[in-house]
Amino acid sequence: EAETIRIASQKTGTLAWELAVIRAHGLDKKANLSIDVVELASPEAGKIALRAGNADVMVSDWPWVSRERSLGAKLQFYPYSSAIGAVMVPAASPIKTLADLKGRKLAVAGGAIDKSWLLLQAALKQDGIDLKSQSTIVYGAPPLLAAKTQGGEMDANLNYWNFCAALEAKGFRRLAGMEDVLAKLGSKGRIAMIGYVFDETWADANKDAVARFIAMTREAKQILATSDTEWDAIAPLTGAPDAATLRAYRDRYREGIPRRPIADEEADARVLYRVLAQVGGRELVGSATELDPGTFYQAIPGD
Amino acid sequence: MQLEVNITGKSFENAAGKRHDVLAAINFTLNAGEVGVVFGPSGCGKSTLLKILAGLDHNYQGRVVRPGVRLGMVFQEPRLLPWRTVEENVRLAAPDVDEARIAALFDVLELTAHRHHFPGELSLGLARRVALARAFAVEPNFLILDEPLASLDNALAGRLREQIATLVASRRMMTLFVTHDLDDAVRLGDRLFFLSARPARIIHVETIAALRAKRSEQDIADIKARLAQLDLANM
Amino acid sequence: MQLEVNITGKSFENAAGKRHDVLAAINFTLNAGEVGVVFGPSGCGKSTLLKILAGLDHNYQGRVVRPGVRLGMVFQEPRLLPWRTVEENVRLAAPDVDEARIAALFDVLELTAHRHHFPGELSLGLARRVALARAFAVEPNFLILDEPLASLDNALAGRLREQIATLVASRRMMTLFVTHDLDDAVRLGDRLFFLSARPARIIHVETIAALRAKRSEQDIADIKARLAQLDLANM
Amino acid sequence: MLRLVSFALFIATWWIASLLIGDAKLPPPPVVLAAMLTEAKSGALFVNLGATLARVALAFTLAMALGSAIGYLMGRMPLANRLGDPWLILLLNLPALVVIVLAYIWAGLTEVAAIAAIAINKLPTAVVTLREGARALDPALDEMATAFAFPPARTFRHVILPQLAPYIAAAARSGLSLVWKIVLVAELLGRPNGVGFEIGVAFQLFDIPLLLAYSLSFAAVVLVIETLLVQPFETRLSRWRLRAA
Amino acid sequence: MLRLVSFALFIATWWIASLLIGDAKLPPPPVVLAAMLTEAKSGALFVNLGATLARVALAFTLAMALGSAIGYLMGRMPLANRLGDPWLILLLNLPALVVIVLAYIWAGLTEVAAIAAIAINKLPTAVVTLREGARALDPALDEMATAFAFPPARTFRHVILPQLAPYIAAAARSGLSLVWKIVLVAELLGRPNGVGFEIGVAFQLFDIPLLLAYSLSFAAVVLVIETLLVQPFETRLSRWRLRAA
């Protein structure tokens, strides 16, 4: 009897790609799981699904999980991807380093509390640059800002990795990925900001199923990491308009597959949490100043 | 079946909040088969009185006992439903009326050509006639008419007067009507209530003993002459 | 200043799309200082005619030449603005009227107590008087009255008749009014137009030579008697 | 006829605008039509349109019925109005997003929650409009109905309803458009299909032709319903109004 | 007085509901109040409320003025109506998201684009409501105004406007609520401040108390404006209506 796991997935998100691979290769049957996909159209919808009890697993970031824990909702996090935002500029742009962003018009996707944006601010603060006040910041919806950047209305765009990949394919230059500033902020490696999020009690009750689920997704990631033909199969899902974009998606996706031990992830998270708390303030992290100790899910064998 | 009226007062509060006395003491009774006529200066409170008697206004001092009867009413304005045709207006008030009766009514009231017109397509006189048709069609036991013959030409008014007389004679019903025409009052009424200016009270009651059908032109002229001599300022 | 009327036809199309002829040929002229009276059976087209003459309806066959004059009009219904007080209703139509004139008008029409009332708080007779006050207040050169004295008591109606006569005498204005009361017509009119049933045409014109102010009760009775002899079915 | 001309004019304006502004900013009609056809061929257009229409129909009916009843009561009974008014204003001014999120959290990501949330968003605007209508009712006709002892049902149908008709028409038209705006948010946040879902996807992919294809398909459906059903019905109902001379 | 009772009732209902459903699904009043106070102390509440109110006021005024004028014309002139109607239906049924996205694409991520987009969303509902109002105008009063040679301004102010008043009231109330729903989307998609922006943030964090704090603050502002300004004004304007006997 296969156990059922309900996953909230954004139709255009990378999770949907992996799920397609899982289905195509029958990985779910192999893991003796029945995967129930709750398909949704916007990133925030997953949180509703989890809170409403319509999904067991969704994808979000650990700062949010820690915040929720401090407010009483015992959620847990397991790394899913280290792909993270990047700053894109037009190929011919005079902007060569992040410090050059000073005095420019920078479009920031995801609003004032976007993780990449907070990291960028923290990094530049060390160089004595207060980007928020020293340049023109335009907040907006990610797809809209990507289009605006492409239209030449912005000097630079800090956006989610998939929109950056699309811009890259259009000939934009990757000024810096946020993974590049992590070291400067005290992180030992490329941390996975994004992960599976689920309820602690649910996970405790379904330890074995969770372990099989994680193993299954790793397998799917492995397939996507090694097989190029697999990408042609999922191409329609990505919405990539051309081969170049698909290639950019593929490369960035592969880079983002997390491979570090969970303990390392958690250690880095603890460091970065303090940084984020400092820049993002109360709004982002709530009253807690330290990463909530139970944030990371530790019960996967071999981690 | 009898209408007992013991009103001690009625006043309105206007938009500015000031009190406006309309009726003072009004006491009378009216029996089935009788026609009462209310006669009084413009604005004295006649329509207000009729509305109280019709049970449309309960906000007065005093007491009115009216038997639970079928009411037919002609308001001072036609009050037709603009979105229903002439015929529909009549049939909505009198759902049980049969085709023959409607046809007869429309014939007397010269409405046959307008049966399927909407009220907005009627002249005021036509609309008032529809209101009359509606009140007659319900076959009332209690008929209230607020200036039923205003805005009609004399020939038609004469015929309608006869029609009302026939109706009253054919059924033992109570009838109460307002008019400014002494001639109408004397020809149709059994008891004439003369009201004072606002706040209205009854200043004279004239009871006509002669049966309606038997009143000669001479009787009528006599009564009119006598009433003219009383100092009822408002005839 | 003269009104020339040459209407050859007027018809309405009703909601069902059927044509409804209302006016046939109507030809007459009316001079300044003259009072024309329109007399005809209910629903024959009198109000329709008045609306055409007032320039409110241009959709007819024929031609009407009317001097560009100040018009005062009393519709068959009061047509007051329900959201404006009695005084505001008059002043909106006659912004230049002075306080003394308004006070005098309200006095004659017995409206003084109702100056600040809204139309919904008036009796029909009161509302009709406000409509009269409005028409008089504009100091018109052309006065159109559609049954101005209906729904008023006889005493008041008599006084208003005199008021209209005074007004007409004081200014050389054209006046046209509709009535169903032969007495009113003969007392006030210079020329009486008798209309047929719908579609209306003029079946008789009675010109009264005697000056209005000099008509004795005897003259009036004579004219009425003569008119009664003519077979004008609709008096 | 005139409607066709007007429609042609619209297409022409759009086309010219897209030529002036550039394809990227406003795709021309054929491109959008192509997107529409692709979706139609795959059947996705009809599935999504059907799902959304079903939700719209349900939520709209619910909100109109309930909203009209409440609005009528509030317009006629001053007490009900004074009690209900603060609630009404609150409900009017709650963001759609908040209502939808709360509904989903309480009732799960279910069809019932979505429809209830949409109906709750629309409800107060119907109340507000019908309340004005009920306040403007003519007391003279009411008296007439009482005098002739009309039973309540007859009074309602023949005396009240025709007076409320223009208010109902206004509430229905603007209400349909509101429901349609909100169903999209509801679908975006918690339904796995429908036009709102597809528009969300199209927005994430920034596929403007697809965005327009779905939006205009719905508008077209409403246009057809209006032309073939609502307007002839309205014309019939308002026959009694005098045409201007 | 009654309003206060009604308000207290609302708070009580909310509190009890939150006790029954659980804090996580519906935060009780004190929690939301605390969130409100925190935001108020930092000043953020007022800055955002101010920004949103300014946008709402501008877009609302624009849409009401233009919408009323167009609606009036369409109600009075059958030709204008037949020409404009398909456009109207189209505009009514364009999703807010699409209009806002297109406006941002064409006019940049500017204040002007945001306000224009909001106004365009609200415009057609005002048109639809005022059109019904214009259709229901009484021709008898029009004739009266013509007979007495009222100049156009006087006719408009004293004859037309009072007849349109209930329709304007309905359009304004439901319109304000629509504008408020849409300004949030506009701020969410492309403005750096405002209640919508904050609600977006609260939504990303899934911070329900904060979400409610901002929503209810705005509703409270509207409630105060209604109670102190709009309703006394309305009462004055409708003095002429007869109270039911």
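All chains are identified by letter, namely A, B, C, D and E, in their written order; residue positions are counted from 1 within each chain.
Assume a residue touches a chain if its C-beta (ideal position, glycine included) is under 8 Å from a C-beta of that chain, and two chains touch if they have at least 3 such contacts.
Just so we're clear, the structure is a prediction, and the values are computed from it rather than from any experiment.
A.B. asks: Touching both subunit A and subunit E: give me those chains, sorted by label.
C.D. replies: D
A.B. asks: Just grab the chain with the largest centre-to-centre distance to subunit B, centres being mean Cα coordinates.
C.D. replies: If we average the C-alpha coordinates per chain, A ends up farthest from subunit B.
A.B. asks: So which one's got more C-beta contacts, A-D or B-D?
C.D. replies: A-D
A.B. asks: Let me have the rounded angstrom distance from the C-alpha centre of subunit A over to the C-alpha centre of subunit B, please.
C.D. replies: 85
A.B. asks: Give, as an integer number of Å, the spacing between the C-alpha centres of subunit E and subunit C.
C.D. replies: Computed from C-alpha means, the inter-chain centre distance equals 49 Å.
A.B. asks: Rounded to a whole Å, what is the gap between the Cα centroids of subunit B and subunit E?
C.D. replies: One centre to the other, that is 50 Å.
A.B. asks: Which subunit D residues touch at least two other chains?
C.D. replies: Expected reply: 25, 101, 105-106, 196, 199, 203, 239-242.
A.B. asks: Which subunit A residues touch at least two other chains?
C.D. replies: Residues 44, 51, 141, 144, 147, 151 of subunit A each touch two or more of the other chains.
A.B. asks: Where does subunit C touch two or more other chains at once, residue-wise?
C.D. replies: 15, 56, 77, 118, 121
A.B. asks: If we count contacts the way the header does, which residues on subunit B are in touch with subunit C in the complex?
C.D. replies: Touching subunit C: residues 12, 14-16, 20, 40-43, 46-48, 76-77, 110, 114, 116-118, 121-126, 129, 147, 150-157, 180, 182, 233-235 of subunit B.
A.B. asks: In the complex, go through subunit E and note every residue touching subunit A.
C.D. replies: For subunit E paired with subunit A, touching residues are 23-25, 101, 104-105, 108-109, 188-192, 197, 200-201, 203-206.
A.B. asks: Using the touch definition up top, name the residues of subunit E that touch subunit D in the complex.
C.D. replies: 2-3, 5-7, 10, 21, 25-26, 79, 82-87, 89-90, 92-98, 101-102, 105-106, 121, 124-125, 128-129, 131-133, 135-136, 139, 166-167, 169-171, 173-174, 176-178, 180-182, 184-185, 196, 199, 203, 208, 211-212, 215-216, 218-219, 222-223, 226, 238, 241-242, 244
A.B. asks: Using the touch definition up top, name the residues of subunit C that touch subunit E in the complex.
C.D. replies: Within the complex, subunit C contacts subunit E at residues 51, 54-56, 70-73, 75, 77, 79, 81-84, 92-93, 118-121, 134, 138.
A.B. asks: For subunit A, which residues count as touching subunit E in their complex?
C.D. replies: 44, 47, 51, 64, 67-68, 72-73, 110-113, 137-141, 144, 147-148, 151, 153, 283-284
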